[in-house]
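To start, the structure under review is shown below, and the notes come after it.
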Amino acid sequence: MPTEQSADLAIFERRESEARSYCRSFPKSFVKAKGAELTTADGRTYIDFLAGCSSLNYGHNDPDMQAALIEHITADGITHGLDMHSDAKAGFLTAFEEIILKPRGMDYKVMMTGPTGTNAVEAAMKLARKVTGRRNIIAFTNGFHGMTMGALAATGNAGKRTGAGPVSLNDVSRMPYEGAFGEGVDSLHIIAEMLSNPSSGIDAPAAFIIEPVQGEGGLNAASTAFMQGIARLAKEHGALLIVDDIQAGCGRTGTFFSFEEMGIEPDLIPMAKSFSGMGLPFAALLIRPEHDIWGPAEHNGTFRGNTHAFVTARVALEKFWKDDVFQKSIAAKSAMLREGLQLIANEIPGARLKGRGMMQGVDVGSGTLAGEICARAFEKGLIIETSGASDEVVKVLAPLTTPEATFRKGLNILLDAARDVTATTRFAAE
Amino acid sequence: MPTEQSADLAIFERRESEARSYCRSFPKSFVKAKGAELTTADGRTYIDFLAGCSSLNYGHNDPDMQAALIEHITADGITHGLDMHSDAKAGFLTAFEEIILKPRGMDYKVMMTGPTGTNAVEAAMKLARKVTGRRNIIAFTNGFHGMTMGALAATGNAGKRTGAGPVSLNDVSRMPYEGAFGEGVDSLHIIAEMLSNPSSGIDAPAAFIIEPVQGEGGLNAASTAFMQGIARLAKEHGALLIVDDIQAGCGRTGTFFSFEEMGIEPDLIPMAKSFSGMGLPFAALLIRPEHDIWGPAEHNGTFRGNTHAFVTARVALEKFWKDDVFQKSIAAKSAMLREGLQLIANEIPGARLKGRGMMQGVDVGSGTLAGEICARAFEKGLIIETSGASDEVVKVLAPLTTPEATFRKGLNILLDAARDVTATTRFAAE
Amino acid sequence: MPTEQSADLAIFERRESEARSYCRSFPKSFVKAKGAELTTADGRTYIDFLAGCSSLNYGHNDPDMQAALIEHITADGITHGLDMHSDAKAGFLTAFEEIILKPRGMDYKVMMTGPTGTNAVEAAMKLARKVTGRRNIIAFTNGFHGMTMGALAATGNAGKRTGAGPVSLNDVSRMPYEGAFGEGVDSLHIIAEMLSNPSSGIDAPAAFIIEPVQGEGGLNAASTAFMQGIARLAKEHGALLIVDDIQAGCGRTGTFFSFEEMGIEPDLIPMAKSFSGMGLPFAALLIRPEHDIWGPAEHNGTFRGNTHAFVTARVALEKFWKDDVFQKSIAAKSAMLREGLQLIANEIPGARLKGRGMMQGVDVGSGTLAGEICARAFEKGLIIETSGASDEVVKVLAPLTTPEATFRKGLNILLDAARDVTATTRFAAE
Amino acid sequence: MPTEQSADLAIFERRESEARSYCRSFPKSFVKAKGAELTTADGRTYIDFLAGCSSLNYGHNDPDMQAALIEHITADGITHGLDMHSDAKAGFLTAFEEIILKPRGMDYKVMMTGPTGTNAVEAAMKLARKVTGRRNIIAFTNGFHGMTMGALAATGNAGKRTGAGPVSLNDVSRMPYEGAFGEGVDSLHIIAEMLSNPSSGIDAPAAFIIEPVQGEGGLNAASTAFMQGIARLAKEHGALLIVDDIQAGCGRTGTFFSFEEMGIEPDLIPMAKSFSGMGLPFAALLIRPEHDIWGPAEHNGTFRGNTHAFVTARVALEKFWKDDVFQKSIAAKSAMLREGLQLIANEIPGARLKGRGMMQGVDVGSGTLAGEICARAFEKGLIIETSGASDEVVKVLAPLTTPEATFRKGLNILLDAARDVTATTRFAAE
């Protein structure tokens, strides 16, 4: 029964804070979601190329996760248990150990932080400082790590940083991400010089915090050489390496961790977004055992270890990561994505592809243009957003499980939207 | 089917971070929970006087919330929708407006923050600084507001503050809570003097952040006069009043907000813990409309607005807060609690009651003694924890829905535990 | 030859920064000074009850210091020698050891800091933090320690703190000076509680920094019991005790150090103002030997160890401190001062005496009134200033060497000024 | 009468803080100084190529300054006058206006700060933040600006920064000085990119603080193009330009200000070192009139405006800067210096010249080697020091008034020392 949308939306206008944002780009009220599609109250269906900003890598309401969760709830399974032991937590940890850690030869402790990415990042920054006794954390241009005061200090975006009001965001030094200063300027060289010069004014770092692919920062994808360079610099200077895999992890780039083929061993890995499998709030910090020097509850939080998320996260691991079928399908879809985006880029002078795996987009050179393309796509039935310092990148973050036909359909909508907008732009210019 | 507990627990030992804490006091693995009771893998049932630190005010797995949530999941309702509009969100906001705000004559915008209390506190602190253009926030002795860097600065506990490592926790001034310096020292007078003296060195405050009852800080309950005094000082000095009702709200003290009979109008109210009704991760910041100056996404977060929590939170409001039946039952149970605790206090020389409503405890004068009582209670089938600067308060945070018989049983276990421990202590002393 | 004052003053108006201040209260240009008097370009002579804010304890241009300095200059003695050794420095250090340290049983290293009080305070704060590995320094209400960022954080005055612009003044906690909250509130008790409560939010202190008499803060004079209490608390909590004797030292209160009869042993003592004897820029930090862990030049500065000041400082020690004649004369003059101030206080309802030794004044209850009295006194030939959080204290800081007749004359001018102003005020009120 | 040196030095060992430094390189006690030479207690004379780190540009004890100062003292001229008006101050300001500002078309207010360079820098940083309402100040690699907490944050040297102990040095971002990353990396490009990228994480700057020649940082001399680029970036981004001319000013590079031929107009110019002419403690901040928004005493200090220094500073201006004779002599001497240093550089493989004007040196590639050369030079009668991040530069800072013969003699000693050391090194290596 389609309802009057305007009535539906009045309550949000009246009661929800001005901080709300995505609902401004997609001014509909949604009532259902399955796989790669969302349905509004008035019965319209949208293809989802946003996927909860990479929180829904396995799609909306995966039936196996749904079933397991319903079973858990029906059986009066634990809903909230602080950080007490539960069968659900044991099930998740066991699956994570067997399916993810062991096959990759990785040895990490799992810290259940508050169920937000920013909380896992705060835990990582605090722990790196405790371990090293140092204050300075090196973060990168265009990095995004969260909005609480510690993580916000590491986040580059000026529009986010203003949220702190008149308070300083301290104890972070900013270094260039790969390619930040354009071709011909080697970021690694610059960072190495800054750290080896005892009069550079950059204090000895507790940690580097880096995203292998910068999701919010414009789909900048670091090369293996760059990531290895950072890992080597961290080691040389006694700093921990924090790899923030919150947006790029859980298969988004083709492998479970976005860095797992890069030959690096991060000290700390904040995880969130798709980590619960079904989009439930969940975050964790993976810690190399030698750094796990927390005292009990030294970093705590009421909702650390969301038990419903343990249930769905376990199913996600067991369903998608026990063999290489899923990974192969991501690879195939990533190729399709690149092809589709290239067609779009061809429509726009100066446009170029960004990102890797199922985390790609088109830098169209202007935030206004990118915004218009996304708005036009929404009119045509596609949910998609921009990213980048000036919102200049049209970013595709489709569920990894999107059926091929739907995926093609979505890409075609995007192409049409790009053509519409550039046509209009050309007319306007004439 | 009872399983071997030691096998169950090995995975936690092997893979969960040393930061884990409650599981150390209650070294069992839990598999089911209903109402006021939890059941372990080996089939033992425990009465819950901890209630997820006040996150389970309506008990575990309330059947109406369960049913609504299962229905939502079954119907492919939205699980994760960033901050897009949804019928579930509209339902929650409408219920909150109708059942909570309107009858109390309160006019607040609701900001869906990341689903942790600390995130709502960070949002409040950031907003207060943006609104006033000032940096300094006045927090109180024994206050607890969270563990991310902004909120941690406002948290008093030294054991938590060490988690920040060598980094300073800035832009917070500390003032005495009511009674902090003992009888005969008027905290309000001290704060007023500090703020009116232009050479005190206390910069003009952006906000005061205060808990009406300090849950972690030792069940210190502020009087109406004190809260009004703080509200008045805030107004006089152009500061916002942030009332952190995360632990004391949602009926814990007898009314929906712990301060609602105090005649104060907070500017910002962080809510979390029992706000979702069922223990799901959920937090929000209530904002007086004139302060809602956020830009879109100026404070954001992937899991802001947990849709499952909207469903259960709405049920909680509709089920418990439409009339005064629930409130009256809390009042009755609070009286019973006071009586029970008095019996316990009578066993322990120097012990005194703390707190109010269903947020009461006994200060037994020593963290060791309090810990022993709680440990003994756990052996006898009761889950209960301590609070206070030295963990010296045995704190009862039972579900507000605990059946009377179960509640009495729990109190009796606690009395027995106290007697056992004090008897042992006396023997040891002889 | 009296010159046209307005022409003289135009250059200041045109070229000197708006930060200039004393010249606004005393809008004359001075050309000569001797003993306790200053002479203007137009030949008028003023009695000096300001004494360079206690930098001229031995009066202007003491003839013996003049002679020694002229001899030094004439002989091409070192003027500027960085921190190289010189006969002048040896002479000063030897005199300081023999005349000041040894007779008092004090063992301190002397650190020649940059020649400003604030620089000596910065050195003290830095060293206390290095020694303890802690960040937090406890400073007091109404304390004044300097204007550079480290010292400014410890300074209470709001009008000074605004000079830092939008930057936070961190790593200092503020505690009440003796009597800060009025009779009946024991500041020591409050501080002790704040430090012993592990949830107070006051981090373990690196140091306490305190003035035995608060010169800028309103001539608040701490009792021996209070200073001993602070010393004891510092010891208990592993903090260093920094006694800032910049304004109260060098005989101002009757003894060389203002605390020397209090039975305390400060860890660090910043000295400046009258330390050079003749008003030349000079500052030093006295350090108990076990804390002297500086690396070479770890705190340095071009003008550390002003060689001309070594010459005059040595003469000051030899002339005034070899026996108790000078001390006795200060005691006598202090009694006279108290008597004189009492007469003034008697004129003003509610007025009360503040301070001790030759560092006394009258709190007249209002900054406006105090300012009017000082302005009227200036018209009558007396230079005198206010102090206190609201400039409410008329403060006498005459040279300790002021001849008795001149001193009486100055006090009479002040009495007349007070009478004039209060008479006017009374008329105005009628 | 030569005295026993060891006896002389015992007092320093016993009583002077471990922070002392130059006296360790030059372990003699000095008693006289004239022009370009210093004489020890045991009668030995040393040529001074250190000149108080550029504080003695006009040599030791200039006879005209001596005479004027003696006359001032003899006449009971003001010694200490806080910031009251005096004929001495008027004389200085008038001379500064007539001789320095007007001929250069410069319009600046003069703020008398505390008499240390670091105090003038603190005043500049505070004022830039007040004027812009921003916190972030951009400082450069290898910059040196002082040791008090505000200035220290802008200082790059790690060995100095450690003096702050565990406290963070905040609100400064570090950018590369010209050439910091070697040939082929354009520092201006990097800075421009960092500032124009809204996600760089570099907050909008209140100011840039830069030395035209980095005295402590290794005699790095910025080009006109670089300084103009920085000036342009400052303007574009609404930041003030602070040119710290403390070490390079007062003729050291050949002109009164080191930047005066670069076509830039700094907003704030901290001055100190040779500004008093005779090496007396003195510092000032030059402020473009539109930025002079200080409230009275908003930045103050007891010794601001050292009256003796006004006297000598006026003589220095009148004697050396009324025509271009002095400037021409500096140019000639600078050429001689370059020639002499080239001979030395020729002796050392890989050595290269650094700096400009009378602020040049030889980068010998190793702090150990540079230190050995200076030590050997001292044995031979020359006082000279190193500079640079690793002390790898032998730095010549001779008085600008050094007679030609003495200057040649000094350069020859240095050449001999370099030869001795490299010969020894070669022997040792064989």
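Order of writing sets the labels: A, B, C and D. Residues in every chain begin at 1.
Just so we're on the same page, a residue touches a chain if its C-beta (ideal position, glycine included) is under 8 Å from a C-beta of that chain, and two chains touch if they have at least 3 such contacts.
Which chain is which protein? Per UniProt: A, B, C, D = Diaminobutyrate--2-oxoglutarate transaminase.
Computed from a prediction, not measured in an experiment: that's the story for all the values here.
Looking at which of B-D and B-C shares more C-beta pairs in contact, the answer is the pair B-C.
At the interface between chain A and chain D, over half of the residue numbers appear on both sides, which makes the contact a same-residue one. With centres taken as mean Cα positions, chain B sits 30 Å from chain A. With each centre defined as the average position of its C-alpha atoms, the distance from chain B to chain C rounds to 49 Å. For this pair, chain B with chain D, the centres built from the Cα atoms lie 58 Å apart.
Counting only residues that touch two or more partner chains, chain A has 135, 159, 166-168, 170-171. Residues 135, 139-143, 154-159, 161, 166, 168-174, 176, 180-182, 185, 189-190, 193-194, 197-204, 217-218, 388-390 of chain C touch chain B in their complex. Listing the residues of chain B that touch chain D in their complex gives 166-168. By the touch criterion stated above, chain B contacts chain A in their complex at residues 8-9, 11-12, 14-24, 26-34, 38, 41, 50, 52-53, 55-56, 60-61, 66, 69-70, 73-87, 89-90, 93-94, 96-97, 109-112, 114-119, 122-123, 125-131, 133-135, 146-151, 153, 159-160, 162-168, 170-171, 206, 272-273, 278-281, 285, 287, 292-303, 306, 308.
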